[in-house]
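I have placed the structure first, in the form of structure tokens, so that the comments after it can refer back to it.
Chain nomenclature is as follows: A, B, C, D, E, F, G, H, I, J, K and L, assigned in order of appearance, with residue numbering initiated at 1 for each chain independently.
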Amino acid sequence: MSEKVYKKIKVTGCSTASYEKAIETAVHKAAESLRGLSWFEVTELRGGIGAEGAIEFQATLDVAFKVD
Amino acid sequence: MSEKVYKKIKVTGCSTASYEKAIETAVHKAAESLRGLSWFEVTELRGGIGAEGAIEFQATLDVAFKVD
Amino acid sequence: MSEKVYKKIKVTGCSTASYEKAIETAVHKAAESLRGLSWFEVTELRGGIGAEGAIEFQATLDVAFKVD
Amino acid sequence: MSEKVYKKIKVTGCSTASYEKAIETAVHKAAESLRGLSWFEVTELRGGIGAEGAIEFQATLDVAFKVD
Amino acid sequence: MSEKVYKKIKVTGCSTASYEKAIETAVHKAAESLRGLSWFEVTELRGGIGAEGAIEFQATLDVAFKVD
Amino acid sequence: MSEKVYKKIKVTGCSTASYEKAIETAVHKAAESLRGLSWFEVTELRGGIGAEGAIEFQATLDVAFKVD
Amino acid sequence: MSEKVYKKIKVTGCSTASYEKAIETAVHKAAESLRGLSWFEVTELRGGIGAEGAIEFQATLDVAFKVD
Amino acid sequence: MSEKVYKKIKVTGCSTASYEKAIETAVHKAAESLRGLSWFEVTELRGGIGAEGAIEFQATLDVAFKVD
Amino acid sequence: MSEKVYKKIKVTGCSTASYEKAIETAVHKAAESLRGLSWFEVTELRGGIGAEGAIEFQATLDVAFKVD
Amino acid sequence: MSEKVYKKIKVTGCSTASYEKAIETAVHKAAESLRGLSWFEVTELRGGIGAEGAIEFQATLDVAFKVD
Amino acid sequence: MSEKVYKKIKVTGCSTASYEKAIETAVHKAAESLRGLSWFEVTELRGGIGAEGAIEFQATLDVAFKVD
Amino acid sequence: MSEKVYKKIKVTGCSTASYEKAIETAVHKAAESLRGLSWFEVTELRGGIGAEGAIEFQATLDVAFKVD
């Protein structure tokens, strides 16, 4: 009865606004092809620095979803 | 004279807005029962994903306070 | 001749009985859609605590299978 | 509304039977003085070896409970 | 505009020659079924030792590719 | 031709607003004396707690720049 | 019979003399309010640097005590 | 008087039954050639997956024994 | 007499040939501006994947040199 | 107003007396060329063993200083 | 029947040619006194830098062998 | 010519005086049965707390020695 199984995929989202927006971008992209997304774990925070000092925030997540 | 002692407690704050708001929620809750809060260390960033794709940001902190 | 390639997926199994049962549940679920499962590595042990103190053991694994 | 706060305490349970029993012992002891236990994370597995080779399994957990 | 998303898969490549060859084998196998491979991170280096002392180098990678 | 070299420096930025602002402060300070900033990796998130509960977000980064 | 439970608290002790003195300060402070202290694990060594180059050694410990 | 010295060896035990049985197998094998075994630390949990889905639990331990 | 001091810098070298070549490139670049290079520690192995599957090996090192 | 920036350098100090002396040696050497040293974090403790069993204690630190 | 036990020893091999050669040197040296070598895990990659910039690659391994 | 091999053993030394004394105790005990001790790495610092608050410092080391 309690023998649930979850699978986790690793995704990296990017945003020039914030890490929260980068995470939302990654989660919503994952939701396009997967059902039952349940939680995520942030495994890395990085960023790119553009020629004019513009910053791109990059968050890497393990996203978990329930497997039927 | 310099023999100060700090104690650390581990708390997790949640917010649908941002990790900063989740941290503030956790710190302010800790401040309700403890005096002398000094600093915190983020030990984990996770999140929940709701049925409609809504995200809850969850930050876990070690919060340090001075012991008299 | 020796240039084998393995792919690893990350899965979390749950069981109210034991971590071994949680692992078996995860491995057997993975075996439903993948062939050539070879080994696994336990990357996290957690658990849920129910209202009456019931415990659900949760094991997260990297499961490796051979890619043809 | 979503601004929940959890606190985590670190406990070590011991059992000559299994890690699952050691965990249950630790969780049930924590439940004697705390309400709202929600989940735990295993942070260390060790053991003692007695004079006659008897083994005591020792599991250390971060146990989370909701703060009102 | 900057809201790119990458997915990462974990693969292990093997070679009797070198870790570089093991990595190339893993990357090229991944390229057979995925487009847009961008970078990889080495997460583990191991090896097998044959009966006559022959060594098989095994490199595990997180390989990232862009998700459209 | 491909034999590029990058150097990384470790900097901590502070902001009462957010981690993103703390990061931008650190990156822009680094850009005052270094050319060719390319990317950064967040290695630690901490914070200070003021007497009135005000929070200062502190982000530590490894910032990479190309060496000519 | 063997089902002992220990709780661990995290404390930071400071001393201008040595890490051993910082640890003793932390352990003795903990002993003022807790009985049955059994062992500790050093989880972090840091220090402060004063205006004149004076050093304050700071040791963070998980201190374990038996729960009756 | 208190200047005890312990040595630690790293062993991996295997069992188709459970991690506890794998640990006992490793400890008892170590006890065949060493005296004064005192404690162990689990450093890795892995497993093998047989052709028919049979699982072999593999636990790696640092086993400590007192040196006279 | 024994009170030597070393400083470490973090550098990333790149090579399409091998990690050893990437390391040599980084060490030799560091030697252009620093004297007394003594040892290095590999802290990360990554790589870039070009459009045609070409691989660039990237090694990050902490390089230590003696401070007079 | 709160947007301070700190830079960290990694140094290794050596002493035949103690780790505290090794740390002081490293911090005082850093203070010869840098102003505003604020704190340090111990990242590694090692040692050398001389031909006659003499021990040299080696402490590696990240030393932080304020950037104006 | 499946209750195999492996022991692991930690060795460091050195080579001026490559990490693969350093590993082979360490494994072959271990094979001189041990039978049943099965696999190894790379736990650290370092190197020495000679006066003229010559590099010595140093690989540390946990080498496992079957215990009868 | 440069193909040296070192072996490392893991030992824990204890002292009521200091970690340096605990390390010396462990290194000198190792020197009773091994030749060519070269360096050590501190992998863990712990301690015991006696009934009257007396502290025993415990340092665990990987001690390396040259293999002929």
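The rule is short, and it goes like this: contacts are C-beta pairs under 8 Å (C-beta built on N, C-alpha and C of every residue); 3 or more make two chains touch, one makes a residue touch a chain.
All values reported here derive from a predicted model rather than from experimental measurement.
Comparing K-L with the candidates B-F, F-J or G-L, the pair whose contacts agree for more than half of the residue-numbered pairs is F-J.
Chain E has its Cα centroid 21 Å from the Cα centroid of chain A.
The distance from the centre of chain C to the centre of chain I, with each centre set as the mean of the Cα atoms, comes to 38 Å.
Shown for chain E are the residues that touch two or more other chains, namely 9-10, 18-19.
Contacts between chains, counted with the stated touch criterion, involve the pairs A-B, A-C, A-E, A-F, B-D, B-F, B-G, C-D, C-E, C-H, D-G, D-H, E-I, E-K, F-I, F-J, G-J, G-L, H-K, H-L, I-J, I-K, J-L, K-L.
Against chain L, the residues of chain J that register as touching in their complex are 17-19, 44-49, 53, 55, 57. Within the complex formed with chain I, the residues of chain J that make contact are 9-16, 21-22, 25-26, 29, 56, 60. Within the complex, the chain C residues that touch chain E are 1-10, 62, 64, 67. Across the complex, chain C is touched by residues 18-20, 23-24, 27-28, 31, 37-42, 45, 63 of chain D.
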